[in-house]
Amino acid sequence: MVTTTSVTADAVAEVRENLRDQAPLVHCLTNLVVANFTANALLAAGASPAMTDTPEDARVLAAGAGAVLVNLGTVTHASAEGMRASVTSAARAGRPWVLDPVAAGPLPWRTALAGDLLALAPPAVVRGNASEVLALTGGTGGRGVESTADPEQAWPAARSLAGTYALTVAVSGPVDLLTDGERTVRVANGHPLMTRVTGVGCVLGALTAGCLAVTEDALLAATAATVLLTLAGEAAAARAPLPGAFATALLDELDATDADRIRTGARLG
Amino acid sequence: MVTTTSVTADAVAEVRENLRDQAPLVHCLTNLVVANFTANALLAAGASPAMTDTPEDARVLAAGAGAVLVNLGTVTHASAEGMRASVTSAARAGRPWVLDPVAAGPLPWRTALAGDLLALAPPAVVRGNASEVLALTGGTGGRGVESTADPEQAWPAARSLAGTYALTVAVSGPVDLLTDGERTVRVANGHPLMTRVTGVGCVLGALTAGCLAVTEDALLAATAATVLLTLAGEAAAARAPLPGAFATALLDELDATDADRIRTGARLG
Amino acid sequence: MVTTTSVTADAVAEVRENLRDQAPLVHCLTNLVVANFTANALLAAGASPAMTDTPEDARVLAAGAGAVLVNLGTVTHASAEGMRASVTSAARAGRPWVLDPVAAGPLPWRTALAGDLLALAPPAVVRGNASEVLALTGGTGGRGVESTADPEQAWPAARSLAGTYALTVAVSGPVDLLTDGERTVRVANGHPLMTRVTGVGCVLGALTAGCLAVTEDALLAATAATVLLTLAGEAAAARAPLPGAFATALLDELDATDADRIRTGARLG
């Protein structure tokens, strides 16, 4: 495990600035509900999104991207082939990838697919809600795309998953819980409006991929993405109390959230 | 036919509050143009969207959802299989579903698919514009996704369709016309800007599914969805005169439209 | 080659007004990331979008539309079949079509598809960034969806492509370069924020199709779309300095950009 930096607000702030300076290409194989919002969130944060799940193209993009996101939100038989191609290609090229196992648990077919992808080549980060993380270690639960459990309940599952595959697990919730099996970070930023807009969790997976492209420390990358998004959410909620305007403001604040805001606002534990 | 409530502004207001209180899971098999807007509209209104049209997953979601939406806007051969799976699964589990036969009429392939789905298991509500409703009873007309007829012209077709399949038909237009074959409701709310944003009609189908999850009276559910959306449209237009800002404001106002606004603003006839 | 009008600000202003007055149906086979934004942009500008890439439906829509857009952004094996069907159908019905070869160059599979479509029936306009236009004449380059070249570098390729297929090539960049092989136009409007929102280039392709439906002069149509979009971008940037609000404002300003704004603001060279 590469642990180049301790996970402090200063380290997070540096990742955020590197994301903007390096503008890495992030190849997203994601669901059609959030594709536009995800691309705009990456652009607002300073990264460069590319999206396709056709195997011929996905394989090429994955090899050239800074990192890859695989999100199972609306996975089909066709797009699953693209995911396998991208994961294989990313692994061969030494590119990190992020697995977001949306609605794993209640849906057996995609839960099995998540397991297949994990076995194909371990991702650098698994990002999900508590029910999804529990599902990857054999638990059940969840309702549609929502969690029926709290991040702290998923702590043993997260540690086990991190240990088995040598990866980082990021469990989102009111307080986000992140662990690489050795170190654990909690992020206490965020706002309830983030659950009133579709795809905010999916955006977190994409930003995590973006941060992985600029640091080798996966726990730091996942933490940086979480801090960036949740601080943007707080700033957006402060000026947009209803969900339509909040979604627009969230994109604005992904741009506006800089190293200074992170150093003063990050609530890491 | 279950007729538990008369269709009054008070009854509509109660459905709206139940939607927010119960936050039903609405499984949407919808078109990729409007998937994000639809999910955000359901969330803004207080419901919980889930979207996939892969048969293995769709079948599970449909059985567990409060209601199911099938919208033919960008239906493919692959997604049609998911629609058949969901409709069958919903029928078996006793869950209501809504058919939105987008662009039925000018497009023979999907018009035939709409007929197949109707025959597979009748939906609780068919929601469309006048051309689409006419097409389901053998009429032609329509241009792309637009109607070339007025809701009142579709009145005989709507009554016939309602009688044949024992369902509610909701025909949208400047004045919306809704009937379950016995009772008829007209909703005179709304604003022309609602036709300047893609997917507002599709959102109406999704909200109808949401309301069906909280009342057994399909005509009341369809009316409640129509009133909620058209009142939100009026409030949004009052503060956002151009279509970009209007779309954002519409989401805000789906949240802000509550029982009080409905009781004072609903124009039911 | 039909050259009915010289490409002046007055001629552009007339196309813009005709677009609003005639509200042509524009059939878009486009990528799922930008489908919603594209449909809303067409509606805001005054056109009427229709979107599907299922061959049975696409074939019918293409024959009845004012013009067709084919954008390769997330093309799949299935949607490529719809593209072939639409291009064939449009050509048979005498409808113009626009090719937007997104990420042609680095991605061999779709670069070959772009060549196949060009050979099937030449589009009226090819719209892309410099790397994409270079790729269509055998060049390489580009990173993901971004150009690694400047429009002026693509000038020989654009001229060659225009001559080979008797079409107009529109190369976007800080200064857009457009040529039909005989005439050349440069458009110096626009704003850097247009590169911070996903799909602005894709919208340009859709607006070009819209303008092609109301004028037979393809160079004029491509210029009118470029001027309309870039002036809207300038107006949006003047009131929305961050990318979330900018995207919303851009839709507003596509509506607000009228003949007067074009006559005073267009920077044609």
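Letters A, B and C mark the chains in the order given here, with residues in each chain numbered from 1 onward.
The working rule: contacts are C-beta pairs under 8 Å (C-beta built on N, C-alpha and C of every residue); 3 or more make two chains touch, one makes a residue touch a chain.
The UniProt protein names, listed by chain, are A, B, C = Hydroxyethylthiazole kinase.
These numbers come from a predicted model, not from an experiment.
J.: Determine whether chain A and chain B, two copies of the same sequence, contact each other through the same residue numbers or different ones, counting it as same when over half of the numbers at the interface appear on both sides.
T.: Under half of the interface numbering overlaps between copies: different.
J.: Overlay chain A and chain C by their C-alpha atoms and let me know the rotation angle in degrees, rounded to the nearest 5.
T.: Rounded to the nearest 5 degrees, it is 120.
J.: Averaging only over C-alpha atoms, locate the centres of chain A and chain B and give their separation in whole Å.
T.: Chain centroid spacing, chain A to chain B, equals 33 Å.
J.: When you check chain A against every other chain, which residues touch at least two of them?
T.: Residues 32, 35-36, 78, 247-248.
J.: What part of chain B is in contact with chain A in the complex they form?
T.: Touching chain A: residues 25, 27, 32, 35-36, 39-40, 43-44, 48-54, 56-57, 60-61, 64-65, 78, 247-256 of chain B.
J.: Quick one: in the complex, what on chain C touches chain A?
T.: So the residues of chain C in touch with chain A come to 31-37, 73-78, 103, 106-110, 143-146, 196-199, 242-245, 247-248.
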